[in-house]
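Pasting a structure below so you can have a look.
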Amino acid sequence: MSVKVTIQAEMFDAGALVNQFTHDLPEAGAVTTFTGLVRSTPDKPIEALILEHHPTMAQKQIERFAQDAIERFNLLAIQVVHRFGEMKVGEPIVQVMAASHHRQAAFDGANYVMDWLKTDAPFWKKEVGPQGTDWVDARETDETAKEKWTK
Amino acid sequence: MSVKVTIQAEMFDAGALVNQFTHDLPEAGAVTTFTGLVRSTPDKPIEALILEHHPTMAQKQIERFAQDAIERFNLLAIQVVHRFGEMKVGEPIVQVMAASHHRQAAFDGANYVMDWLKTDAPFWKKEVGPQGTDWVDARETDETAKEKWTK
Amino acid sequence: MIIRYFAWIRERLNRDTQELDLPNEVKTVEDLLHHLRETDEDFAAVVPPETTIRLALDDELVELDTAIGAAKEVSIFPPMTGG
Amino acid sequence: MIIRYFAWIRERLNRDTQELDLPNEVKTVEDLLHHLRETDEDFAAVVPPETTIRLALDDELVELDTAIGAAKEVSIFPPMTGG
């Protein structure tokens, strides 16, 4: 029933985190990992992303979503790493890992934390592209994504 | 839109697979990874798991679920590695990775493949415990888990 | 026709494959199960009619009433427990 | 009372924090926004009433009618776009 939340500027190794997380959980039958990455698409190419955040609030909010997920889905452990600062295309921004006895709880736990994190964790993205920098608008679908957990 | 399915006896490195999968997908904003592990619990301790499989059928069936998932959720790529033979507690059995532009598709893609794989991929688990070996019974909940995709 | 057995069915029958010439009246997968129970004491004992089994024709899962047609292999196994 | 600004609000105001003594009639977060718009031309220009913003009191997200009470910090920011 452990929760670990790290907010850092440093790059992280997505695969190494998965292996560390899994290593000490002999009762876990299922681990779900979500990795969010800086992406560039042909219709909207970007070079980098700059993430601003509210440090104390971000830590508290993410710990709360993670703890909620542990209780709601009866998880064995959850770990979240979220970066701030500047990151290049292809680099990871965020990783959420959830471990449980059975698979659906692990999927739901990671999905739940990501849905809340998207709208309620104090991070703001600014894209650095060929035309300069631009703050990313909040997506309506992120706000409605949370509704599936209130059914 | 790539699908890769590997069925192997060899141990795999869950984290290394995540990193390889992610490496060549610059348009992927989201990668969801599910890792299924051999677990031992205090109420039912086991030492190892032996997986029997139907090689040609397993390959075909998993490729089909993966292709279905790509089309259904508009994924960029999906990769599945499933082991057979004997494996120890804590070792990975199966890993499904789904990449997409947005997060929900990646979650749904991996979840969909796992739900079908559990009931329709020809693998059979045998537990090796202190009292000898025992074939694992199919779980009713695995059969009903698929129903969420027909809504 | 090649018949393949898996998991505890294979273990209890003590064989994994078998070759069989099917009589003409065996049209469906269900006919094949009847035929096996009638002609094979071991099969009748290990896989009585109430057993929950699943079947595949040439790597495709099929229902009991599926016609065997030109299929070269039938696989007989318990519900899957992979993943 | 410390006020913290984030993202494009911080950038356009060209400040990230500010200290302010609140008059007694400022009870809620909404009162504070009115007060800022009345006393601070820059704030009124950058964050007009129709702007979609979110607010936190001492690291907790709050609604417009939440009382400021004994909170030491108010954070003012656009909708979050993390993850």
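Order of writing sets the labels: A, B, C and D. Residues in every chain begin at 1.
Please note the rule applied: a contact is a pair of C-beta atoms (placed from the backbone, for glycine too) under 8 Å apart; a residue touches a chain by one contact, two chains touch by 3 or more.
These figures come from a predicted structure and were not determined experimentally.
*Asks:* Need the most distant chain from chain A, centre defined as the mean of C-alpha atoms.
*Replies:* Taking each chain's C-alpha mean as its centre, the farthest from chain A is C.
*Asks:* With centres defined as the mean C-alpha position, give me the chain A-chain C separation in Å.
*Replies:* Between these chains, centre-to-centre, one finds 48 Å.
*Asks:* So the centre of each chain is just the mean of its C-alpha atoms; given that, what is the distance between chain A and chain D in Å?
*Replies:* 26
*Asks:* Between chain C and chain D, what is the gap in Å from one C-alpha centre to the other?
*Replies:* 72
*Asks:* Could you tell me which residues belong to chain D and also touch two or more other chains?
*Replies:* 83
*Asks:* Pull out every residue in chain A that's touching 2 or more other chains.
*Replies:* 36, 103, 114, 118
*Asks:* Using the touch rule from the top of the page, what pairs of chains touch, sorted by label?
*Replies:* Touching chain pairs, listed by label, come out as A-B, A-D, B-C.
*Asks:* Can you list the chain A residues touching chain D in their complex?
*Replies:* Of all residues in chain A, those touching chain D are 36, 51-54, 56-58, 60-61, 82, 93-94, 114, 117-126, 135-139, 143.
*Asks:* Hey, which residues of chain D end up touching chain A in the complex?
*Replies:* 4, 6-8, 10, 52, 56, 59-61, 75, 77-83
*Asks:* Any idea which chain B residues touch chain A in the complex?
*Replies:* Interface residues on chain B, with respect to chain A: 13-19, 22, 26-41, 89-90, 101, 103-104, 106-107, 110-111, 114, 118, 145.
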